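What follows is chain A paired twice: with chain B in the first complex and chain C in the second.
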Partner chain A sequence: MIKSYKLRRGLANTFIYILLAVLGLIWIFPLVWLVLHSFRINPAGGDPATMVDHLFPHLDEYGINNYVELFTKTDFLRWFGNTFIIAVVCCIISTLSVLVVAYAFSRLRFKARKPLINVGMIMGMFPGFMTMIALYYILKMMGLDQTLLGLILCYSAGSGLGYLVMKGYLDTIPHALDEAATIDGANQFQVFWKIILPMAKPMVIYQILTSFISPWCDFILVRLIMQDNVNNYTVSRGLWMWTEQEYKAQGYFRFFLAGSVVVSIPITALFLYMQKYYVEGVTAGGVKG
Partner chain B sequence: MKYIDYIQLNPLQRFWYKFKETIKNLPNTLKAFFCAIGKAIKNFVLKIALGIKDFAVGFAQGDIITKLSYIIMGLGNVTRGQVIKGIIFFSLEVAYIAFMVFFGGAYLSQFFHLEAQYHYETISGGRGGTSQTLVYDSYSNQILLYGILAIMATLAIVAVYVASTKSARKCEQLVKAGKKPETFISEVKEFLDSKFHITLLSVPVILICVFVLLPLIFMILMAFTNYDDKNYFSFQWVGMANFAEIFSGNTTGASMGYTFGNIVLWTLIWAVAATFSNYILGMVVALMINKKGIKLKKLWRTLFVMTIAVPQFVTLLLISQMIGQSQDSPLNLIISMFTGAPSQFNVMAPLYDGWIARIAVIIINIWIGIPYTILMTTGILMNIPEDLYESARIDGAGPVKSFTKITLPYMLFVTTPHMITNFIGNLNNFNVMYLLTGGGPSMGDYAYGAGKTDLLITLLYRLSVDKQKYGLGAAIGILVFIVCATLSLITFNMTKSAKDEEAFS
Partner chain C sequence: MNAKRILALLFAVLMVAGCLAACGETKPATTDPVDGTQAATGAQTTFVPWSAEDIADLGANIQKEAAGNKVTLKVWQPEAAQDVFKAQVADFKEIFKDYAEIEIEVAIQGEGDAGANVLSDPNTAADVFGFASDQIMKLAKPGALANVMFPNEVTSMNTPASVEAATYEGNLVAYPEVGDNSYFLCYDKRDITADQAKSLEAILEACKANNKRFIMNTGDGYFACMFLFTGGLETMGLEEDGETQKFNDYDIDQVTASVKAFADLFKTYKANFESNQTSAVVDGFKNGTTSAGVIGSWDVASAKAALGENAGFAILPTININGTDTPIKNMFGYKFIGVNSQTKFPYTAQALAYYLSNEECQQERAEQLEWGPSNINVANSDFVTNNESMSAILAQATNSVPQTIIVGTFWDPCAALGTYITESSNDFSEANVKAEVEKCINNILDL
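Moving on to the complex of A and B:
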């Protein structure tokens, strides 16, 4: 009996291994395709055709030409720099404002607290797209349309509204701590800086990483705000442009592939690093008020 | 149902019970919600009335300097020792007046009809002749935007004004009582302690007002105008006409009402299918990875999580290229590998009422969504007590049965709120639709070139960015908001009811 149970379990496990392997292959296939094709060159020189009649490149078709040309012949490096600047500044502004708003709502008690929390939640329920066109006009009014500063403001100005997750986390830090500090003579600012901030470190890291990553992934807002000012594009907008028909016809698709790989490496590394914080963030925040 | 009955139910029944109760209580919840809004408005009005009374009393009882500082803000402060504070009040007043005189006032006066202002300029032509050219002084969208800005500025200055009169009055009373008003430095110090919330919130609130609230009000008001490509420079208030167009179905052919109804239906189908397929299948994969005796758990998990770590626009653009209709696209290459004949399968072909594209999108979304579920549920799955499974196995339950009777109810119980947020996220899942299909295939029976996979949110984008029907787009945005807000309200209530229960303890 025991033997047959073991056998059955072994069979079941083998079956699961096979299934997982197949699924894993399906999941990883597009990424492998992306990486392999980003190294594909035309041995005869010039552009390799956009799509080929074989699934993976032949052995003699590998080379690093695409990458070399990506950095020397296209605007990619410039876009990468733009995105990096935007991401760093956004990351600082967003993290600070989320932290500050969440702290005020979680720790301080004042008359306007409840109404402000409710207004914030209601404002967060409007589809973000609705405001995009108005944002463009506002930036135009300020003379900031098609500039990096304008884009930074768009990304980070409203980030204070994303206080829910952070507030949920701060709520779990015992109030006894700040009370003790207050008794010892700390004012509110010292409580915030010396007690709460170190305690909330994991959530702060999560916030920093998410706000750093998001400018790399947005493509809609950039398109609207930068219009056709190619110099100020971010990586995602530029790569998107290269998949458009006219660029594809000029053989830019290989740059799209190579560029995607270059962008994906740091973002993927950051995400894998922060995945444990990610789970915490998603489950901690939710809709708890 | 009594509590004793309730705790005897199994988790799934409990969940159903709670769900039914929530639905049953929905009218009450909504009623309570609107009552609360009503009450808030009532309180607000009361408070304003009290404030006005205070204001009038302060004016009547104050001395001549206090009375004067009702006109010249900050005078009371300056003369009574709070020089810096007084100067700040005064300069704010001057700034506001300058703003209204040189800029805001003109737009505010046109706010009620919105029509663009223009005049004809006579330009002398090259051969001695002259021609009349239309020159716009202000466009309607400028009037709307700057009008809102002026109103916001006015509200802000009213608040400052009330504060300044209060402060002048307080100074007067303090001086009369023989005390000195607070110094500027001690007041500033208060902002680090008892008024710390103002210090913290001021910058984010100002940023949110300018970059979220202002555009939001702009777009909400836009829903009541006829702003579109034909009335690009000059448009008017049209009341509810945009909403009427959305719900109108009487026009033949591609009416907006028909389009809207079908797109709402598809949006719902999509959200349900996407949420549940991701949830259930993701959990199955997570269970397989977590099964006892499976090695290399971390490797398997990373394999799946890799796909969401890569920026979504990369994977989505890549897949949309991979399923392209050309004979050389990877999808067709794989198909022809199996069939042996060249294949020209086109997902976007306008066949079967667009259902090929729709199903393809749902399948691709499974590819995108499962890793998220794996990431989410792994931790929770490991918390399910092992003895539950063991006793079930002894009682003769197979893997399928223990999944449907133990795992699923447990997970549903723990993750319902997350699932509803997920559902709302899917209702508004712009990225997937826009990058994969762009809303297509368009079969010509929808208005404004909308396609069969268009969701409400992509319809909103199509109308307001591509088709420049800003008014109509804004109206749809408001409808989307109403749906999402209602769903969030339900979630909020369900979590509240779930929070104090301790099932599975």
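Moving on to the complex of A and C:
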């Protein structure tokens, strides 16, 4: 039995850190593989092999050819632009609508408030793709199928139902502030815009982040709505197309890898920039009380 | 407040960048309607598969269905073939330009998913689309395909097997477009001689000598069915209930012997045999670890790029079953051009499908895309007979089962059997193999 507390703690920590390091490596490895192989080229010229039997590309196999061709030879840039436009517009619409709904439920008192909260909660529990067949036919009737606008509508129309976390946060802001502002002559909009909104900044950031990310990840709706309109694909649908037999035979797998890495850039950049607000936002929403 | 400003700026920049990214790229988009100027590039006379009277007849019908408006059609073809089809479509418009204004869009759609996408919404799907022969039942059963308007001409021009594969319940429902949607042998001429490539035993022996691999995809029913077919089993369409797969009068012992021969051979050469996708064969050629493999006609271009002049192509080799060298029999598919039964302009669509599947267009695609022809004249043309890969795969067609009416439950049991025989730890006694074969056939019938 080891007597020294210090030694014991040291041993335990070593063991724990080794375990964590191994777990961390296992977790990060697919990502590392993706990045490394996205830089893998064929040193002899021509397309690189789709799959190789070594985990790490050999030293002479690195190059940026895949990325150069991704932007010059394929439709990727266009898809990237589409996704970006959708993400930005959805981000604005859904952040605003969540804020407005949450503010109304948190601060205003009106007759059907409780029932509406309940209805909103229940509706929010249905996953969006449940109604996708109906969505498709409705959009088609409106002539919005295969358009970016149709997709934006689908992504942002129901977003107000995700008000719950935001309302929880707004509830923690003391009512005394509103009252003070009202006494000073502020109307409802001024209270919202000048008092509540600045205080809810962390949660707004959280909303922006989550709603910005969803169009990059969604595949189901874009597959259904865009059908064969390749020009209006988003990155996830486009990358999926490259896994079809025909594209695999043409060696598009390298573009798939490079494209996946490029997709992660805007999301990562936004995350890095807003990280401190994000952490504040999540914890602030959690410790209500 | 500074952070807010930076944030606003960041978004503004990103937004502008996004707009530029989307708008800046105005390269000729993939789904642009074909403009008439392309037709003008060919000063040579456009090939016309109809007589002047036929054109007048068809033209009158096209004129009638256009009713003074523009005829708009959409064509689905895979990305690699877009340019060829755009040019051919432009030629087609030229023939009927006096009768109606025709606008035809060629959009990207892989043949593998075309059927499913036509069924999911026939209204927005293409009017004329290319698809693989395995989808014929799925499409024809719910009536998604219009009957061919020129059955006699199509039947006389194309190989009997491709016409048979395009027939559903006695009606010709699609225009044969490609006659080689199947798989065959590809080998590295530096490792394997043309003589060795004739038998599977010699190929595996050569692989062993070179310490390289032989790759085929036994874990996929499309390939694994060759173990059964080589033993004499064949699919014969459906039973009368319209759901169950019908087989010929096969001899179960013969089928077992075939499957056992493959199993024993793969076990003997387990160090040099690998079950993997066809793209892995090409990868193996690229990095020099593979001597031979079974590849699809869709891999030919990349195999040629990987091996250059050392690329050898041949029909599937023979395998020794109980002392007899038996040629391996495989499943042979085709590609068709179908006409959407819900098209608003059936005459124009039918004429276009007929035009795209005619001799001249098939010849062009054989030369430019290496799409093997279903047209008899093109198959006998100098270009095709002198092309090693195309003639090899067309030769394979003579010893194969056409991939026509295959039930959905066919593939998985075959794949399971294929996986079973490549597990070298299994005991391949005759009784065991027979039990596996029977299980496979029962699963195809019962599942």
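Note that in this section the second predicted complex is superposed on the first by the 265 of 289 C-alpha atoms of A that agree within 3 Å, B and C clash if a C-alpha of one lies under 4 Å from a C-alpha of the other, contacts with A are read in each partner's own complex, and residues count from 1 in each chain.
Here is the rule we use: a residue touches a chain if its C-beta (ideal position, glycine included) is under 8 Å from a C-beta of that chain, and two chains touch if they have at least 3 such contacts.
Not measured: the values here are computed from a predicted model.
**Student:** Check whether A:Thr243 is in contact with chain B, with chain C, with both or with neither, and answer first, second, both or neither.
**Tutor:** First partner only, chain B.
**Student:** A:Pro127 contacts which: chain B (first), chain C (second), both, neither?
**Tutor:** A:Pro127: touches chain B, not chain C.
**Student:** Quick one: is A:Trp216 in contact with chain B, with chain C, with both, or with neither? Answer first, second, both or neither.
**Tutor:** In the superposed model, A:Trp216 contacts chain B only, not chain C.
**Student:** After the superposition on A, what does A:Trp33 contact: first (chain B), second (chain C), both or neither?
**Tutor:** Once the two structures are laid over each other on A, A:Trp33 reaches chain B alone.
**Student:** Using the touch criterion from the header, give the chain among chain B and chain C with more contacted residues in chain A.
**Tutor:** Chain A has more residues touched by B than by the other partner.
**Student:** On chain A, what residues does chain B touch that chain C touches as well?
**Tutor:** Shared contact residues on chain A: 49-53.
**Student:** Across the complex, what residues on chain B touch chain A?
**Tutor:** Those in contact with chain A are residues 40, 141-142, 145-146, 192-194, 196-197, 200-201, 203-205, 207-208, 210-216, 218-219, 222, 285, 288-289, 291, 293-294, 300, 302-315, 317-322, 324, 326-330, 333-334, 337, 367, 370-371, 375-376, 379, 399, 417-418, 420-421, 428, 430, 434, 457, 460-461, 464-465, 470, 473-474, 477, 480-481, 484-485, 488, 491-492, 495, 499.
**Student:** Considering only the defined contacts, which chain C positions touch chain A in the complex?
**Tutor:** 10-11, 14-15, 17-23, 25, 29-31, 76, 78-80, 107-113, 117, 121, 123-126, 279-280, 282-283, 286-287, 289, 296, 298-299, 301-302, 305-306
**Student:** Would you tell me which residues of chain A are touching chain C in their complex?
**Tutor:** So the residues of chain A in touch with chain C come to 42, 46-53, 75, 77-78, 80-82, 84-85, 88, 136, 140, 145-146, 227-231, 241, 244-251, 266, 273.
**Student:** For chain A, which residues count as touching chain B in their complex?
**Tutor:** 9, 12-13, 16-17, 19-20, 23-24, 26-28, 30-31, 33-34, 49-55, 97, 100-101, 103-104, 108, 110, 113, 115-116, 121-123, 125-127, 129-135, 137-138, 141, 153-154, 156-158, 160-161, 187-189, 192, 213, 216-217, 219-220, 224, 236, 239-240, 243, 253, 256, 260, 263-264, 267-269, 271-272, 275, 278-279, 282-283, 286-289
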